[in-house]
Every structure is written in structure tokens, then in C-alpha cells.
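Below is one structure, written out as C-alpha cells, with a few remarks after it.
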Amino acid sequence: MKKIVSIGEVMLRLSPPSNERFFQTKQLELEFGGSEANVGAALAFWNNHVIHLTAFPDHELGLAATATLRRNGIDTSFIQHYPGRLGVYFLEQGAMHRSSKIIYDRAGSAFTKIDMKTFDWDKILDKVDALHWSGITPALSQECADFTFHALKEANKRGITIFGDLNYRSNLWNFGKKPHEIMPELLSFTNVMIASTRDFNNCLNEQYQNFESAKSHVFERFPNLKYITKTNRESVSSSHNKISASLISKENEYFSREYDLTHIVDRVGTGDAFAGGLIHGLLHHDPQYAIEFGMAAGALKHSVPGDVLLCSKEEIEEIVAGEAIGKIKR
Amino acid sequence: MKKIVSIGEVMLRLSPPSNERFFQTKQLELEFGGSEANVGAALAFWNNHVIHLTAFPDHELGLAATATLRRNGIDTSFIQHYPGRLGVYFLEQGAMHRSSKIIYDRAGSAFTKIDMKTFDWDKILDKVDALHWSGITPALSQECADFTFHALKEANKRGITIFGDLNYRSNLWNFGKKPHEIMPELLSFTNVMIASTRDFNNCLNEQYQNFESAKSHVFERFPNLKYITKTNRESVSSSHNKISASLISKENEYFSREYDLTHIVDRVGTGDAFAGGLIHGLLHHDPQYAIEFGMAAGALKHSVPGDVLLCSKEEIEEIVAGEAIGKIKR
Amino acid sequence: MKKIVSIGEVMLRLSPPSNERFFQTKQLELEFGGSEANVGAALAFWNNHVIHLTAFPDHELGLAATATLRRNGIDTSFIQHYPGRLGVYFLEQGAMHRSSKIIYDRAGSAFTKIDMKTFDWDKILDKVDALHWSGITPALSQECADFTFHALKEANKRGITIFGDLNYRSNLWNFGKKPHEIMPELLSFTNVMIASTRDFNNCLNEQYQNFESAKSHVFERFPNLKYITKTNRESVSSSHNKISASLISKENEYFSREYDLTHIVDRVGTGDAFAGGLIHGLLHHDPQYAIEFGMAAGALKHSVPGDVLLCSKEEIEEIVAGEAIGKIKR
Amino acid sequence: MKKIVSIGEVMLRLSPPSNERFFQTKQLELEFGGSEANVGAALAFWNNHVIHLTAFPDHELGLAATATLRRNGIDTSFIQHYPGRLGVYFLEQGAMHRSSKIIYDRAGSAFTKIDMKTFDWDKILDKVDALHWSGITPALSQECADFTFHALKEANKRGITIFGDLNYRSNLWNFGKKPHEIMPELLSFTNVMIASTRDFNNCLNEQYQNFESAKSHVFERFPNLKYITKTNRESVSSSHNKISASLISKENEYFSREYDLTHIVDRVGTGDAFAGGLIHGLLHHDPQYAIEFGMAAGALKHSVPGDVLLCSKEEIEEIVAGEAIGKIKR
Amino acid sequence: MKKIVSIGEVMLRLSPPSNERFFQTKQLELEFGGSEANVGAALAFWNNHVIHLTAFPDHELGLAATATLRRNGIDTSFIQHYPGRLGVYFLEQGAMHRSSKIIYDRAGSAFTKIDMKTFDWDKILDKVDALHWSGITPALSQECADFTFHALKEANKRGITIFGDLNYRSNLWNFGKKPHEIMPELLSFTNVMIASTRDFNNCLNEQYQNFESAKSHVFERFPNLKYITKTNRESVSSSHNKISASLISKENEYFSREYDLTHIVDRVGTGDAFAGGLIHGLLHHDPQYAIEFGMAAGALKHSVPGDVLLCSKEEIEEIVAGEAIGKIKR
Amino acid sequence: MKKIVSIGEVMLRLSPPSNERFFQTKQLELEFGGSEANVGAALAFWNNHVIHLTAFPDHELGLAATATLRRNGIDTSFIQHYPGRLGVYFLEQGAMHRSSKIIYDRAGSAFTKIDMKTFDWDKILDKVDALHWSGITPALSQECADFTFHALKEANKRGITIFGDLNYRSNLWNFGKKPHEIMPELLSFTNVMIASTRDFNNCLNEQYQNFESAKSHVFERFPNLKYITKTNRESVSSSHNKISASLISKENEYFSREYDLTHIVDRVGTGDAFAGGLIHGLLHHDPQYAIEFGMAAGALKHSVPGDVLLCSKEEIEEIVAGEAIGKIKR
């Protein structure tokens, strides 16, 4: 069992049931989700001690959000509640050739006003093994960028392994800063980074032509960086994807198997499940097992409704071992 | 059949099914509602031609909102769509001793940026008999206050009867102006006003001790004002209310009967149903019938889920006539 | 345990969930119901052997209807299936002041073509104690009127006690005959008749001013008639009724207690539950117990969704005895 | 934006949720659908002005049907309401090897009594660009056949482009006439016809051996006919189909790509979505784009529950362009 | 904020939706509930630190039960998981005259095998202010009786205030012991006891004729006992109850107001909400406020679906203060 | 039409809707199922007279179970009801790579106490053509083993064809006996046995290396055995399986076609559907048709939610004939 801190916004997720479109639905299924907390929930499900840092409004929906993280096994002791709104994302699940659609309604949420000075880092980071952040958080507001910087600096100071998911999103970054004014410093603290060529180009203001050239420059520029992770997804349709990933160090590259995923139930959060699996794998095992464990977690998430993986370590291990694919377990 | 214009914001209404609390629910029922459009929908259901003026975001939920108004019989030709968010209100229905709870999340909606200059008033107000506004709109933003002022001025200029629901809400009015800086001018255009002593005091910055003294001063100060309407509600519990109303001119007072309402299904929008009934009554009948028709509409709304009345003219008339209370009609 | 034959149409019942109106609903709850089969189902639930005679279309919904009667304990061996449609009734449950609304769509159903000659009366009526019919059936078609006449004649011939529910409905009787051309003959076979003054007037083409005068003439005219049953219902609202009943012979009148019914769940089928209870009571007990048992069954049905009572004999008996009203039984 | 008139019956569609069979279900999902109005709804969703002509009963379900067409953007001003029943179709969705099952219960609906003389053709057809009919309507009753003939004659007289979907259904045509007594005259007015060899044979009382020979004779016999459209569907299972289509003029044939459709959500209305797309394409673009736009619309409809396409022009265009297949759009 | 330990079994609660009976339902709503944990959840909702002690099976439903307690704010660190089954109770909600029905299926659950020796009492009881038990636990098995005895002895030894709910249930006590062989010793440790005359008679093997005589003997026999609490419930119907309570010391009696509860949503757990309120009141306030706070909590619980109160301290306080009964709070 | 007796336990089946996991669900769909009764229900759906022998608790859920078998067309006249619990199985449907999970909670059910002496075998087995048992029943308790032995002996004595599904389950067999102490005697009565090499090895305490050697020894050892049936299933994922089967006599082997099953809805009960189809086929047709009919029934069951096939004979026959795969039947 390891102790891990994840940081980031958790939103209200509202999605029509079955395959209904926004235009026709009369009901929305309610969940709470956010990339980094999804990672945290996967890790907590496998009995790691996970502390999530975030801020919620102090009304009933903020309480419900906290309670739901707690239900998923996350340590919510350090979550803050103050006046404001809860970020919302409306999710219409795609099917067949039809794409999924997300309408974000997160501007001005309580989280965007998070105040790094109100967190007791000594207490939070005590005996912590790893911290996980993503590129979504610093894009939301100056307060969020400051909070991320501070968390990473404090973690780095204490020798905590830092994982990041670069995850560049062009429709965020509306508070006045450019990604490359903020992200390089965050990357410089990070030890394991999930990223694509496009992520690097956008966050570092570069024009790498391919992953190969991005990789060599990035390892050079950020000496703390030990691993980069690259994921590949081919989208045959909303119901059918093929996925694989590799974990890359300066010297080696570890490949996962490829998964042919038909009959997809819920693609949202599959990257987070992968990240959670990778972190778990690297904290407890070797790199080759880590990339396989991560990818198996990511593949399994496609079968679970909601943002969160909700699969046991044993279930992932069976997939890694190639046992019990689609059986009835009694 | 009369032609009526209503103006105001329409929000996404999200509420847990059955009697569930926000804290426990996994699903939200989706409706669209807003005080003035609820009034408009009631009037449209009775075959009046109702134009509603509002602004929605140009995404899928904005389209669904427009389509739902249209389904309810409202003329949506003049509704505007532009970038922004849709106002949301989360509604937890009360039951027994437990109060209902509304969490508003409407700040910064597309509607708050409505631009009066983009409306073609000649075309909109052509042959219109009545316009309905409420005190919610001018409280939302300077743009909304300007828009209301403009609409009323244009309507007044054309001799259109103006109905208003004063509806003071203290947690609105955050854009910098005080109610009494804006409301008196709007009241000066209005011919029929639904209001309580508290509404008058807050909107006019007065300290009337009772309705009697408010009434005489208000009739004096606003010569266009022909009727004031006062509603009374006694709340035994969330499931049991008693309601009645009166319609007051300078010379007369017309009283409705009192309704003893047990087994309440949905109280939201009952004031709007009353307002719609009153407008219909005054446009087509005499004051005594109007106050009875309005109150019967308001009473019936307590039995219909959602924001909107959805009862036919014949159903209201039967209640007014004291026929067919709780029968099985085959 | 007694053996009882009920005859009549069973329709598809479709109703919006919760308190939704037809205008707004996206879902209909599906049940199967019909007055006489509802009576039969109540009797079967109390371990009487009940044969129901009807006709269904030979498609999947007709099979589902038969299967549902069978689930409710009814002997469906003699039900016929042939080409045609299934009668439908759409039910919008009322609430508070709002009435319930039924839209019948039953014209031209398979049942209206029922052929009395295809029934083996010797086999069906073997050892039967009682037969139950209602005034709905002869109103539907000439075939239905013939079928009812035949069934009653055959039952009467064999000394079987005949129960009827006169149940005059003005929007039926569209096949060319007037009620008084058909009903008197059917009444002449009947031993126990549930009826109001209005029913008698319409079915016998009389103008009785009150029940007293109807009663004395009817007992005179129909010597087979042993009991008339009168039910009283005061409708405070759709959610609140008061009911009572009496059982009247030439010499005596037996009164039930009155029930004050608030928080009504489903009023449909409550008269059928009463009829079932009355038949059970008269077949197994004395007249005073019978009217109490019937009324308790009718009262309890208001709490059960669907057309059918679904309450055990013990539950009815406890209500009759005044025990266990609204307890938690563990 | 074009102005288009569609004509035809709209029914109540009732279907069990998920994959349930009629035999087991307790709930039916309620929609309103009909082939020609489905075409109209697709066109209205893309901002064409679509008038639908039909007749509904004047009860609550007829009002709800009208309101639902209106919600979908259709101009319902000319819809008629009079006494009668609403046609119903019960739909059990197939899955895997299991076929879908439709039980029609439409005989004697209000629509079958539609009276062509009550429509003001000058007003309806003013500035109209196109009219769409299908072979279902003339099969329903003499009134329906007359109504179709009249609408087509009036449209033809005004130079309006006429689209038709021949759609021969053997279990209709019960009112006494044979298809070839009625259909040739309707075909003679039509400019673009969707049809198979089997449709032509049944409607023209011919025995064409293949589409090639049907095509040449039909173009010869009906000089107004400019295009025939042929669609191909291979059914691997209820969940997996392959579809393509071509648009054929006397001189040319334009082919769509083939779509491999796995994970089908709802096949009903996919032909109508195709027809809508084809009409839109031919009214706004060239024949090659039209057949691709139609087929993309038809393919996308398989992913949307209900009878109606509910996909934007942009979504169809992306499929035509081969972009954004099964992505998550944020 | 106080620290409180609750002990007892938590079961899977399965109940038909709406007002459906077991006989007709196709779905069961799933909750987890148990008398003592319900008390704990109410206390945790008011920011007390509540540790619940119980045992669950180590399968998925046991994990879900633990997670649900955790969601409700309960400290689940000391809950044990080992092989076995989860106790189940099937709940059919009553309505109107119809009683609620509970089918227990709890025999042989993992909890009945709980092993007191596996609990680290020093750690669990560190700084604890109060412990709550009920008479259900010692009735389940010898292991459960031993576990209760041990917990109370350890708590008593440390000066912790002990609350109990005597709650005699005749259909438990099947493991060989009589209540009076076990309960007196448990009572001797208890400081505040909720009990009726019937409870005392059954648990102490006495024949007290009324509460007055029970009270004086019990205070005499059990010197640790400081308060007895008596609750009164009049059941007009399943939908309408009247409740009140009093708190009795040797010298004084503190009475709550009476609540007239119509439109009841869910009566289960209302006694537990009362107990939670009473404990909270006595730990933080005076006896008069405590009995009012407890009764207000109990009254409010009737409006909340599920076993657990889920109402904030502020909501209870408003009821105690007589404010905000059945309002809409915005 | 044949007369068939099936024997075995029927449990309450509880499963989360859609693709939800146990951990996250708030609702369970309720069905009743058990291997042998599922076989019986399939046979009854095809108009065979099927008597099922089992025992249920005498509470409401036991009544509902009986009623549901009756709804499915099974003759429930000989089912026994006495005190006890109803066996439960919780089913989480798998999807994609994720396996299905069943939690059995059946120990100590009423069925395990079934008393063979209370059955009137002369009456039950009168004119019966076939009896079906499975290896689940004798594994449950000594009473169940005795009951099975008795039923088979009585059937064998009367020349009734005996079908069995060997179905070895290692987590049953907890009552003290080993399979090979009981199963050989049951096998010796059986004429047609569904079994795998693993089943034979476990039930006969053998170590056959392959089906070939098992087959020859088994035919030798059990002279009553006329056919063995072997089924093959390849699990690509929970949503995609391939299945086929063969029917083997001493001299011949009859092969079914292979089915490629994608988009699986519900795999549970597919083996029972196969067994039902096989029995029906062998009772009414030749062995080659029987194995095809069985496999087609098994394949179709994958598309139907619940334990039971619910497909007509005609639907199966169409699949056998290769017609109507995935069409829309109107």
C-alpha cells in the first residue's frame, strides 16, 4: 500500500440514459467526475491511501460530491468547501458513427478560486509516495496554476515521485496566460509524464514533427523526467476502438499489448484508469508490468458506466494474465 | 384569442425523482422553466398567441429549451441564440415538514447578456394585446434591466396592456443597482401588478406597514396602475397548503374562494399558473371571473409535475364552476 | 374454495408514471385490466377457482394478456385467441383537484367478435358456484350481447348464482341496440346486482326518482333478484374519497362502515375489488360480513397500483376486524 | 433554406425499454412517428421550413402528437383534429439474431378519414419548393388515396418538385382498391422516387426481373420522373447491417459509400432519414453529394433512439467528409 | 463535535418502487440499513465523529455496504470483512390502510459470527464520548451477545456514556438464550435507554402493568440508568401517523411536542433518527432541547426515502424552532 | 404436445440495470430463475405441458415466484410452500473484457428441505413423456439428493425418457457427500445427458483425458444412456461468444452449425434454452433437427433479458432454416 496525493477539479457529470441525445432526453444520470480524482479513485480501489485535494461549493451538491469521493475510498479530509458554484459537464454518449458530445459548464466554479495558502502541506504530504496532477488544472485560473505549482514544488522538495498527464485542451486557458508560460516549470518537477507530440508542442510552444524528436528534446530539457508514456487509440466508431500504449525511458521502450474494444459502454475516464494503473504498476512493480497493468485498467474501464474504473486489482491482473476474459464467475 | 408577449429567462430545471434528496439521488429529471415563460405557456395552452422573448446559448441544450417552449405552443420566432451558458436551477422537492430547496446556478447565463437593440419591436409588438414581465428580469444584469425597460416602453407606447409580477428576490440584484433605482420606472408602465407589501417595500424603498397603506400610495404614485393582485398562502407543510387571492382596483376588491390543497405534487410554477389565469381572465372576462380563473389555475398547477400548468381551459372552468373535482372522466 | 366464472373484456392499460399528464409523458406503464377479470383476479387471489371467459388477439400482446391473467391465478383454459386487435385504455391518474382521465380505444377489438357458439358450456360450467358479469359487455357489440345472454341462460339453467354489476356507460352502446332492449332479460337471470338509481333508469328505461322506489319496483319485476348493492362515494378530491356501501334484500339492509380514504394511490378497479369481496363474502359468509368484506377489499384497492387488488384474505380480514391499520408487519 | 410539404399519418409508437420482449415488459416508451413526418423532421432539423399535413384525434394524445411534431421544428399550422382514434404501432426492437417485431394497430384512425376538401392548397403550397409523399398513405383508405392524389396534382400544377417513397406494404391495401389502380397516377406526378424492383412490380402490376429492366420501363412510362433511388441493406443480424444506395437518372448512376453498421441502436426510421438527406441534398447540392448526404443521414439514424434522426447538418457533413467518426467532441 | 461508537448489523434493504407490492414488482430499490448504523449516520451528518462496528461478507455487496456507510460520513476503519452472506431485508412500503411488510432474510449472516476478540478496544474507544447499541444485536447469536456485552463493558470501564434502544423483537432470539438471560447485564451498563413497557417486560421477564411501575423498578434495579425515553405513535394509516416522546429521569419528565404526520414517505428508520437526535441533543444540549431535537429528527425522517435521515442540523433546528415548515428555500 | 416434468430450485435473481456494477447500483431488476425451470419454461412456451416440481417459502416472494412460473405457462399445481427462505442469486452482467459475476446466496433455502414423500408420484407422472433434472439439485442437500433419486427412479419405472444436465459445480456439494457417491446412480437412470469431460470426471471420480475416452466408457457403464450432448463455447469477450454443439450416440454424431454471437444481451440461461430445444427436438423430431433446434434456441436466448428464452417455436424454426435473421417483421 502506497500513499498518493491527487489534485484537481471534480465536476457534476450529467448524461442522458441509454443512447438518448440531449435534444430528446427527460432525465440525466448524475455522477461526479474529474480526471485526477478518477485516477485517485482507481488507486484507492486497489487499497492505496489516496488523498484528493480540491475545493467544492458549500451547498448540498458540494457535500454530495465529497461524499461520493469518500464512497470511492478517497481520503477527503483536506477538501475545502466555500461559496460558489459546482463545475458541470453534460455528457452525451456517442454510439456507432455518432461522436460523443461534452458541453462544459465549469467557468467560475469554486475550484477556480482555490487558495494554495489554505493547505497545510506538511500534514498533507507526510509519508506520501507519489503525487498526480494534470494539465487541466493550471489551465483553469491563475489561482489553479499557482496551486499546482505550489503542490509540485512542495512534493518535489520532499522527494515524492510526481506523475502528470499533460492533457492539453485548447478551449481552456482563458484566464490570460499561455500554456508555455506555466507548463514548463510544472514539467520540470515531473518524473513520469503522459503526453503526445501535440501536448508537448502546445505546452512547450514547440513544433516537434514526431514523437521521436519530442522525446529526445524533452528528456534533455527536463532532467527530472524519467518516463514518458504514449497512448494510441484508433477510433473505428464510438462503439469500437483499438488501444495500446508504451512507456518510454531515455534508454528503453516498454509496449503494452493492443486491445480490440468492441461494444464500448463508456469511454470517458479510460485515460484516467490507464494513468491510475500505470502509477500503481510503477509504484509496486517493474515498467513492463506497469504498462500492461495500466493498459488493462484502461481497457476494462470501457465496460463500466461512469467516470471511475471500479474494478479490483484481481480483475486487472486476470486481464494482464489473459485469464477470464468474458467468463461468468460464480 | 389574444396576442401576448412574455419576456424573461428560461432555465434548465433539474430535480431528483420521487422524494429523493440531492445528497442521495443518482438521477435528475430534466425540464425547462422560468417564471414568465411559464405564464406564457399557460396562456398558449388556452389558444392565445404567445410570443416569448429570451436568449439561449447556441448549444444543444439551448436548442432543446427552444424546442420545449415551442412544444408548449409558444411562438419562439424571436428567441435569440448566442455563445454562453444556460442558467440552471436544481430543485429538491420538499415533503411533509421538510422544505423544498432550490440551488440557483444562473450567474453569467446567455440571457444576462441579452441585447435589446437586436429585437425588432415593430414586428414583435404588431397587434399585441398584452405584455407580461416580472421583477426577476431587471435584477439579473444591466442588460436585462435595459431590455425590460425598453420592452415596457415600446409596449406602453403602443397601448398594450402591461402585466407584471413584482416578485422581489433578495439573492438576485448583484449587478450593482438597487431595486428602487430601476423598478419604479418599470412599475410606472404597468397596468396590472401582482405584489405583496414586502415586494413594494423592497422595490420602492418604502416601509409600508400593511397592504392597505401600500395600496393607496401605489395607486396614487403610478396612475397607469389599474389593478393590484394579492395572493395568500398558508403553508401547513410542503404537502399541504391553503391559498386564495384578491384583485384590487382603486374602488373594488374581488376575492377568490380559498383552496385547501393536500397531497401537493409540485408547488413550483403555481404562482405563474395563477398569473396566466389572471391575464387570461382579464383579457376575456370580468374581474371577478378573472380572479377565480387565476386561482383555479394556480390550485390545479399543484397537481402537475414540472414548471408548467398543462391544463386546458375546460379543466380550469370546471374547477371555477365547482364541477368535476377529482372524478374519473371517461 | 368455490368455483366461479367471470366473463368480459380485458384491455391493455397504459398510464403515465407518477403524476404525469398524457401531454408530457415519455413512458407508459403497462398493465392488463378489465372490470370482470379484475373481480375474478381478486377471487382467485383468495384461492377460489376462477375461470375467465374472454377473447384475445393471437399476437404477442394477446399472449401477454393471457399470461398475466394466469399469473394472477385465473384459469385461462377457455380463453380464445383469434385475429384482431387488443382493446386499449389510456389512463391518466388524477391528483388533488385534477380528475383522472381515461381515453378508451377499444372499438373493434377481438373481444367484440366473440362467438358464443365456440364455448363448451357443459365443460365450463361444470360444478360452478357463481358467475359474474357486468353491463359493459352487452354494450360492446351484438356478439357480446348474445354471448352474455347465452352465458347467463346456461348458468341459470344449472342453478348457478349469478352476480352482476350493472355499470351503465353512455359512451358505449354504439352497435345499434338500446340498453333496455337487452338489459332486462339479463337482469332477469341475475341474483345479486350492484347498481345505482341511474343505472336502473338507463338500463330499464325508467325514471325512478330515488333508490327506494327503484328498489321496490326492481325486486318486483325480477323475482330472481335476491340482493341489490348500492355504493356511495364522496369525492373530496382525486386524492381523497369517502366510501361506504349497503347490501339490500327485500326485507333487510346491511350497511358497511364508511372509509375515509386519503393519499389515494390508484382508484381504478376499486369497484371491482368491492364486487370480488362481496361475492366472496356471500359465497362463504353471511350478508353483514359480506358487505364489510367487500367494502374493506374496495378500500384497500385504493392503495395498490394497477387494476387488480392483490391483497390476501388475511389482509382484508384484518381491516374488517379493525386490526393492523397502517402498521409495519415483520 | 427551402420550403417543403410532407404528408402522411403519424402514429403513437410504443416500445419496451432495453431489449425486453412484449411478453415480459411492464413499460412502454412513448414516441410519435410516421414515415413522411420523420422525413419532414429531419429536414426541419436542418432549418428547412417544413409543413406537415395530417389529421389527429382531438383528444390529449392527438394534442401531444401535434406538440411533438412542433417540438421537432415542423410547422403544424395545417394539421387537422377531429373525433377518432390515434393509430398505434407497437415496436419490439430486435437484437442479435432475433428480428424486430412491429404490431400495427392503425385501422380506423382519424387519419384514414382525412378530407382533402378541408385543406386550403393555395395557402399551403405558397412558395413551396418540394413535396414528399409515400406509398403508405394511398394504401390506407379511399380518403387517403384521394388526399394524396389531390396534394400531388396541386403541387405538380405549381411546379413543385415531388419526392416519393414507393414503400409497398402488402398488409395494408385493405380498403378495396389494388395498388395498380392508384399508384401509377401518383407516380406520374413524381420527380424523384425511392423504390425497389419489388415495389415497382407490386405498384404497377408488373413482373420486372431486375432493377435494370424496371428502371428503363419506368423512366419511359413516367416522363416526369428524373431520379430513381435504390437502397441496399444486408442484414447480418438485428445488431449489424451493411447499407449503401445509388441515385439513378436516365443517363447516370451516383453511388454512395457502403456503411458497416455494428452496435445498432434503433433501425426504425433509417430509411426516412435517408430520404430526408437525399431531399436536402438534391435541393441544395449536386446528385453525388445528395446520395452521400442521404446515406450518411441514414447511417447516423441507426444510433439514435426513436423514429426521428435528430442530427445536425454539421454532424451529417462530418460523416460525409469522413471526419469525426466516433470521437469525443468537447 | 463528539466521538461516538455505534455497533450493530447493517443489511441490504430491497424495496419495490412507488407503491408496488412484492407480488407485482419487477425492480427493487437497493439501500443499506440497520438500526444502529442509521443512528450513527444521523450523528455523522451533524459532524460528530462516528465509528461503526460491524462485520460484512468480503464480496462485492459487502464492499458496497462499507462504502455506503463511508459515504454517509461514518468511520469504517474498524469494520471487518470475512466469508459469509449479507443479511437482507425486503421492505414493501405500506400506503393508506395497507400495512408495510418486512420479510427478514438475515439468518446466518457474516455479522452473526462476529468475533469480539478481533477488535482492538483501546484503539476503538480512545477519546470516545458515547456508545450506542440496540436490543437487536444480542438477539442474533451467542457471538453477537458476547460482542455486545464486551463492547459495553469496555465502554463502561472507560466512563463512556452508553445509549441503548431496547427494541425487543420476538421473531429474533432463536439461538437458544432467553432475553432475560442476557439483557439485564447489558441494561446495567446503559445510561440512557429507549424502551416501552412491553420491551421491559420481555427483556427483564417482568409483567409491569404500565410504564409508571416499569420506570420506578427499572431505575431502582439499574443504578447506571439516568434517562428512559418513551415514544408514542398513533397510526391513523400507513400514510398518516401522530408521534411524540418524552425523556424521563428519576425526578423529571421532559415532553416533546406532538407531530401530525400526513403524506408519509418512508417510516422505516424514524425511530433511529429520533435516537440519533436524542443522543446529539443530550451530548450537546439540555434534556428539554434533546427530546425536542430528537423528535424533530424523527418527524423529518418520515419525509426522506431510505433508512437514513440525511437532514442537516440546521434543518432539524428550524423544525424545533417552528420556522420554515414546508417552505421553498432559495 | 408432450407432457414433461422438470425438477429443481428456482431462485430470486437480482441484477443491476444496464451495465452497472454491484458497487455502484441503486436498483436491482427482479426475475425468478433456475436451470431446470428455465428448461421447463422454454418447453411450455412451445405448448408442451410442463409440470415443475420445487418448493418455495410461503411468504409473498414465494407466491410471486410461483405466479411467475405460472405466467410462463408452467403447471405449478404440485409446487410446495412451507416456512423458510428463498434462494437468491445476485447477477452482475459482464461486458466487453469484463466477466459476469454471480454471488449465490442460496444456502438453507426452503428447497433444500424438500421432502420427496410429500409428492404423489402416480398423479404427477401420469402420461408423462419426459423428465428433466440437473446436477445442481443433488448437490444442495441430502433431501435434494433423495428427492432427485426418487423422481428418477419413479420415472424410470414408468418408462419415461429422462434428460439430465450434469452441470458439476464445485462450490455446491457442501452437505457431506461426494458427487461420485450420488451421481452414478442418477446417471444410470438417464437417457440423454448433457455433459463435458470435466463434468464426467468430477461426477464419476474419473480422469478421462478427452471426451472420446469419456464417451466410450460412459456409454458402456450406463446402458440406459442413449445420447450424450457436448456444447462448445469460445468466449471472445462477455459481449462476443461463439457456440456450437453436437449430439452423440454410440454410433453417430450430429453437429449443429456454429453461431457467431456479437452484441450479447444476457448469457444466463442460454444453456437451459439449448437443453429445452434439444428435448423438444428429440421428442418431436430426429436427432439432426434436435441438435440444430437446441442450438438455435440457445443462440436466440443470448438476445433476451432474464433467465428464460421467451421465443416461439416459429422464431426458432426460422433460425434453423436460416430465414429472417435480424429483420423487421411487420
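Worth pointing out:
When the chains are written out, they are named A, B, C, D, E and F in that same order, and each has its own residue count from 1.
As a convention for this text, a residue touches a chain if its C-beta (ideal position, glycine included) is under 8 Å from a C-beta of that chain, and two chains touch if they have at least 3 such contacts.
In UniProt terms the chains read A, B, C, D, E, F = Sugar kinase.
In this text the structure is predicted, and so the values were computed from the model without any measurement.
Contact with subunit C and subunit E alike is made by B, F. Steps from subunit A to subunit F, taking the shortest chain of touch contacts, total 1.
As for how the two copies subunit A and subunit E face one another, over half of their interface residue numbers coincide. Looking at A-D alongside E-F, one finds more C-beta pairs in contact between the chains of A-D. When every chain is reduced to the mean of its CA atoms, the largest separation from subunit A belongs to C. Averaged C-alpha coordinates put the centre of subunit B at 62 Å from the centre of subunit F. The centroid of the Cα atoms in subunit D and the matching centroid in subunit F are 45 Å apart.
Looking at subunit F, residues 17-18, 21, 23-24, 26, 67, 101, 262-263 sit in touch with two or more other chains.
Chain contacts here follow an irregular pattern that is not a line, a ring, a star or a complete set. Each chain pair that touches appears in this list: A-B, A-D, A-E, A-F, B-C, B-D, B-E, C-D, C-E, C-F, D-F, E-F.
Touching subunit F in their complex are the following residues of subunit D: 18-21, 23-24, 94-102, 104, 169, 171, 235-241, 262-263, 267-268.
Of all the residues in subunit A, the ones that touch subunit F in their complex are 17-18, 259, 261-266, 299-300, 302-306, 310-311, 315, 319, 324-330. Those residues of subunit D lying in contact with subunit C across their complex are 14, 21-31, 59-61, 63-64, 67, 85-86, 88, 90, 92, 101, 103, 105, 107-108. Those residues of subunit D that touch subunit B in the complex are listed here as 67-68, 70-73.
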